[in-house]
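Going by the order they are written in, the chains are A, B, C, D and E; count residues from 1 in each one.
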Amino acid sequence: MMNDKNSQKIVDIIQNWARKHSIWVLAYGTGCGAIEIPPTMTSRYDAERLGVRGAATPRQADVLLITGYLTVKTMKRVIRVYEQMQDPKYVIGFGSCTINGGMYYDSYNTIKVLDKYLPVDVYINGCMPRPEAVLSGFAQLQKRIAEGRANGAQQYKDNLEWYRANQKKIIPNWIMPEYNW
Amino acid sequence: MKEIKENIIQRIKANFADAAEKNDFKDNRVDFSVKKETIPSILFYLKDEMGFIHLSHISCVDWLEEGELEVVFIVWSPKDKIKVFVRTRLDRDNPVMDNVDMIWRQANTYEREMREMFGVQFTGLVAPEEFLLEDWQGPPPFRRDFDTAAYAEKTFWHRPGREDAQDVRETIANRDGEEIPDFAKKYSR
Amino acid sequence: MVGTPVLFIAIPLLAAFLIPLLGMIWKELVRIVPGLVLTYLLILAINLLNHVLVHGPIVEVIAGWVPPIGINLVFSAFSGFLVTLMIFLGLLVWIYSYRFKRNVEYEPALKYFLMLMMLITGSVGIVLTGDIFNMFVFIEITSISAYGLTAFYKGRNSAEASFKYVMMGSIASTFLLLAIMIIYSQLGTLNMADIARKIHLMNPTLKIVSYIFFVTALGIEAEIFPLNGWAPDAYAEAPGPVGAAFAGIVVKAAVYAIIRYTYTIFDLSSSFSFLIIIGMITLIIAETAAIRQEKLKRMLAYSSIGQMGLVLVAFGFGTKEGVFAALFLMLNHAIIKSLLFFSGSYLVYNSTEKNIKEVNGMSKFLPVTSLLFAIGAFAIVGLPPFAGFWSKLSVLTAAADSNMILIMVLVLMVSVVELVYYLRVVNRIYFFKKEADTKPHKPTFNALFVMLVLGAIILLIGFYPDAVTGMLHKASASLMDKGQYIHNVLSLK
Amino acid sequence: MEMIHIIFLIFLGGAVLTYFAGKVSKVLQDIFFLLSVLVPAYLFFANVGIGKEVTLTLGGITLVWGVNHFSWLFSLIVLGLGSMAAIYAIGYMKGKERKGYFYFNFILSIMAMMGILLSLDLVSFFVFWEIMTWSSYLMTVYNGHETQRIGIKYFVFSAIGAYAMLMAIVIVHHVAGSFMIGSMINFYPNMSLSLQIWIPILFLMAFGVKAALMPLHVWAPDAYSNAPMAYTSVFSGALSKMGIYGMVIVLVTMINQIPQGFWFREVIAWLGGITAVLGTLWAIKQDDAKKLLAYSSVAQLGYIIVGIAIGTELGMLAGLFLAVMHALFKGTLFMVTGAVEKQTGTTNFTEVTGLIRKMPWTFFAALFSIIALAGIPPLGGFVGKWMLYEALITSNHYLLVIVIFFSSTAAFLYCYKFLFGFFLGQEEKEWAHVKEAPVVMLVPMIIMSVLMFVLGTFPGLILKPINSGLVDLGYIDTFKHLWNTSIIFNAWGDHVVLQPILYYIIAIFVFFALFLTWKGHKTTRYVTTKDISSSGEVPAEDENLTFSVGFMQPFLRAVAPAMRRQIDKYYTGIADGLESLFEFMRRIYTGNGQTYAVYVIVFVVVVLLFKSVLF
Amino acid sequence: METVLMDILGAVVTFLVAFVVGMTYGGLSRKITARVQNRKGPPWYQNFIDAFKLGFKKSAIHHGVMHHLGGAFLMVSSVMTLMIVPVLSHNNWFPNLNFQGDLIFLLYIMTFGPLGMALGAGQTGNPNSAIGVTRGLSQMVGFEIPWVLALVALMIQYHTTSITGLMAAQAHSGTWLMFSSPFAFIAAVMAMLGMFRYSPFDIVGAPTELASGPVSENGGKYLFVMMSSGSVFTFAKLTLYVDLFMGGADNLLILLVKTFALYLIPMLYGMTTPRYRTEQAVRWFWGWPSFFGLLAILQAVIF
């Protein structure tokens, strides 16, 4: 960890500090996880004290929070939203459905492994994870940002072809605009 | 209640010769089976003449063994507080029947779903091709001969160790002191 | 002295009777002779008018009997102006109808031209004569030829229209005769000047009654509401040029007669307001009735009636400005309405119904005719810089000078109505799609020539009204000067 | 032959020549057209001195034409905008039918407007007024069949106004004995009180119609929107100013002379204010650019009327400055609409979207004119608005200023709607082929935009002629007292210095524009308007997500009570009633001979019965 | 040259002060809101962090030149307002364009930015942006009425249209205008609720309904510029209110106290009220606030 930190320039440290303390979340409310976001944000758990705050559109958001299983139809939109977000950007997979399919492991229409399609920075385990777990996930993300290791966007950009191939496997009619950064 | 039900059965039978009624349900349910050609006319009759103005649902049952699909229309009369099931059987290999969304607009949605999930074709149905399953390539997934696990295996990646859900199955199998219904056992293979 | 007024009656009358005979020699003479006659008369009229404007009126005695016993003709600036105008229009009508196809299809041309000549003779006679019974005779001549011309197309509708005209005309004759009888029984004279001199001797009630009878009788010819029932039908059913002749010649003569009775013969001061009232009613009802018409010629007929009402109103002011305005209006109306009838009858030439909607989109096929119709429409509504504006302005000025604000308001409001229905037609000509079954008919060369002449006159007067105003001022002065008239006629030896 | 006569002859001859040149060659026609507008304009400004008078006697009436400072100011609007619109029209009319007709009427209306401005006697004033009316009417019905009702509505209103004026002219002639405007003005104090009130009312009816004052404005939206756009810019920009011109003369030379004039001015000012509000509200509702601009013209004319009706020096300056600005920006906006119409074939906001990248220069002109229209600094509209408010406040019109302010704030809504409707929003495949308008159409728009910009900082350039015009009308010289080259004052001595404001605005704008451009310029990318964050959806190529239907619905719901009643409907009701009356009149003539005979008898009997009354 | 440099320096300093104060107020508002909702809330400097983060975003997209320059338009409006409003009275620190302090000019320059930004929002092609803009403009028409009524009342009472003139009048009489013209103050404050676009007047950028409306396509540096502009604008508007109604401020501390006291009004009102629909908001402004505005004019005319 120390090594990572030493490798950062001073500018990066400042930038990452700002990024770490200002996490604007675009909650993509799929599945049952969406219901866990309101308690996280409101008085009881108050994620805003960590600088976590809802963002209305992908253009403004830093974190894409995927709260549950993703059907193929939804997946298309999620990819779209992710690609519209602006660098630097992070993905949090939320709940076991995003990790391994969870109870939908044999469903004909939900993806099982999110990180084949999008670069996930942090997974939050649970079915469903409670707000405490969510906060812990955010804290983990902050840590990774501060260390400069939350570089999912860069990974996505570098391995775009691989991701595209995976995405196109389940979405044959690919009509989206080109990914342009 | 009983008189009303009798009355309904009388009237239906008088008007539709092929309607086979089944009146052994409790409370406010009446059940008819008709040929698929009769469906629009009987639904029209129920709606316009007998006050069954509400279409509750259209459902489909896959009788794999008999090689037939059964489409069930459930209509409801707010005045009589009676619901009527109208059933019809279709050939499983060529499930075609008449579209009824001119009777109830909402039938359109149900029909789209059935078209996608069971492969029932409604002649004259005007709707976009895709409904819930975008970019779907496999067979209609709600038919009983569709193997969802195999399809998932073929289409998606699995996190290693979760391909066959062995742990889940073992857990279920090893449960003690718990009545496991037969269908659950069957389901967990 | 280049000629005498009696020629205006003698020559066309002679020509009218000669036409059938000449037709036996060479068929084409039937067409040519009236033109020659009218040309000659026009030259004569202009010469005489010039003379009269300078030297004062010419009074001619027929058959040597000196007034008040004999019949006399008066060619003053006022009547001379009208005569010139009528003959000019007559000439234009002749040129226009020289090859007007229709008048050959239905009847031999000779009847048409015969009746036209008679019409002109009668009208000119009405204007020129100084004797009320003689005037009655001329009115009968005019009416009879007018009946014939109305029924010229021999259709059911033409016959009906003509019959209405005949009926109304006979009523008119009756009243006219009654009036003449009353006057003769009272004063023992038929000479206008003599009557004018002695009119104060008459029983006042009988004077009024005879005036009313005169106005009723002449009002039928002059299209005063409610005596004008014949007019829309007659205009609509008569051939186009005949409509122009009615509007420009016959009606003018009748109006002249009314004015002569009112201004010169009778000394009823309140008859001026009577003229204003009936003129105003005529104006309002005719113009409002015109707006909903479906046939083009009927619409023009109503418009014509309305204009006559306005002329009467202007005469009714009783001032010199009023008379000037009225004469200006008469001149403009004669020219513009003739143009409208001429061009309008080509716009609906081939249709049977003559509906307004059949002029739709004609501008593509008949550009010049359409343009001329539009100019005529704009002019008659009184839009500058066309001729109608100046007459409207002078009417209003005269009204203002007589402090008749209400009249001004009404006249202007009616002008708006007039504007609307003329605009509707012009819009149809220019901006609508052609009806499928209408077949445009190109105007013949002579018709086009006539229309262009009229259009040019409209523009000329519009841009340079001085061309006519001097003459009109003198004419109005001569009408106003009643004593001079009496003196001129009765001092003959 | 005086120069003024030559100018009019060139106009008239040019109109006829242009019309017939079309039979020979289209290019020749264009050239003739341009020459017959531009040459007289040049001759007028170069060779006609202010104060010159020429006479002509016609029909016993002496017609006097001459120039003073005040009419020179309006000539500037007419000829300036006319020349611009003429250049524009060459491009606009290319490939359209009935070119000769258009050119003929165009030249004739310019001539008529000049005639109105130069007339010093009432007859030629009226003559030119009517020529202007029918030539503009012929333009209104240019588009054919459907516009017939609209054209007739326009003409009827104009005719009612014109006839009211004619009546006033005739009465004036009766009492004053002369048709000269000067003698009318001189005689005015000696008239009886009822005439003193009625003569201005009659004149104001005529001018109110052309200036689209409130109860007389109903023709304007339709007429403006249906004339060809190249003409509408003159129609709305210059022709309506003739009403303003007349109003100013009537207000200043007549109404100010009598004590009752106060109420006159108040009523007119309030009518102007209500016009502004109603025009604005209805403009917001429109989905068609032409209609929107037409209603907006009505509203803007309302401001001008308010300015000139309150009648203080500042109010006059404001009204006339706004008149000049309105000619500039509304002329440009109609040209923009015309350009869009030419390139796309429609002017409906629900159809055209996203032209900004296709027609950048047109957008630039539209943007400048909209900023000027909305009265936002640093463009010229602001100066006029500012002076108008200050004039209202310093002359104790507290409620009127609120009304005007409401109207001009609400104007932002339609301003935005106009820009958004055409140029912003999603770029559609349907309009992918659209090209920038031809240069000949762009040049006038750009020139006028630049003028608006210049006048925003140096309003003195145009305030100077306005001031001399007002001095001609008897106002005091307000130079350095209410205005300077780039400073404007109000009556209390507060002022706005425009130059530093411009520099500050430019500095701030440039700084942040540079910042936005420079920062991260390597990773800043342009993406198409299809690539928007709309719930993760990807709009299909032919799918239009632009928000253009029911655009200002929330606001319209809020003001719905004010818009429930339309003045137009009352007029329609009157017209319908009249039509049925006319139908009844028509039925008097039954076509039955017996009835007619009965009429005759009844006439005779009635007249005989009432002869003692009648005679 | 010296004076120009000094002018530029003064302007930059004023801008920085306004930026810092505005950002801090924004952070405090979030903090106070959190405390009212029984949360801990973000630190007071959270807005700075957010702004910097947005500034540090690596990539950005725009949909065209108007979208690109929208922020610059907005900045013109807010900075010009700031330049015109006298920050401190009896003080030569930040003179800027104070001699220009004409209220009507101010009203119009304040609308420059929103319109410019609306153009940017329009060019994105995002329907939400356009809807937000129409709502914002409608709401602006709503609150301008009481606001102008209040200003006109002040103008006619003191026969001046300049801010410095009104400040001088207050200094002369020794009474704040909020006490001598209470109705105008009430109307102006009610209008201020709309101007700050806090709840209940926040339908313009309702995040869940309109996806933040006009700014929905803006991220990174564009949002950064807009945030900064908003902060500066907040400060400028508050200062304007203080100048008009509270007699201005002699030093920064007093200014901060007064502005913060004013700032609490829309903030606290917003915490306790749910959102209005656009037409409700517009009608609200034309109800009681306009009534108070009319009372203010009445008071100004009669007294």
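By our rule, contacts are C-beta pairs under 8 Å (C-beta built on N, C-alpha and C of every residue); 3 or more make two chains touch, one makes a residue touch a chain.
Only a predicted model underlies this, so the values are computations on that prediction, with no experimental measurement involved.
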Residual chain clusters - chain D taken out, nothing else repositioned: A, B, E | C
Chain E reached from chain B - shortest hop count over touching chains: 2
Chain pair with the higher count of C-beta pairs in contact (A-B, A-D): A-B
Relative to chain B, chain with the most remote C-alpha centre: C
Whole-Å gap between the CA centroids of chain B and chain C: 91
Computed distance of Cα centres, chain D from chain C, in Å: 44
CA centroid of chain C to CA centroid of chain E, Å: 79
Length of the line joining the C-alpha centres of chain A and chain E, rounded to whole Å: 36
Residues within chain A bordering two or more other chains: 57, 59, 76, 87, 181
Contacts with 2+ other chains: residues of chain D: 523, 525, 527-528, 530-531, 533
Multi-partner residues of chain E (each touching 2 or more other chains): 57-61, 211, 216-217, 220
Inter-chain touch pairs (all): A-B, A-D, A-E, C-D, D-E
Complex contact set, residues of chain A against chain D: 28, 57-59, 76-78, 80-81, 84, 87, 175-177, 180-181
Of all residues in chain A, those that touch chain B in their complex: 72-73, 76, 99-101, 105-113, 116, 166, 169-173
Chain D residues touching chain E - in the complex, by the definition given at the top: 354, 356-357, 367, 371, 374-377, 382, 385-386, 389-390, 393, 396, 398-399, 401-402, 405-406, 409-410, 412-413, 415-416, 419-420, 423-427, 490, 492, 494-497, 500-501, 504-505, 508-509, 512-513, 515-517, 519-520, 523-534, 545-547, 551-555, 557-559
Residues of chain A defined as touching chain E within the complex: 15, 18-19, 21-22, 24, 42-43, 46, 48-49, 51, 53-57, 59-62, 85-88, 181
List of chain C residues in touch with chain D within their complex: 160, 163-164, 167-168, 171, 175, 208-209, 211-213, 216, 219-220, 226-227, 229-230, 232-233, 268, 270-271, 273-274, 277, 285, 288-289, 291-293, 378, 383-385, 389-390, 393, 396-397, 399-401, 403, 405, 408-409, 412-413, 415-417, 419-420, 423-424, 427-428, 430-433, 464-466, 469
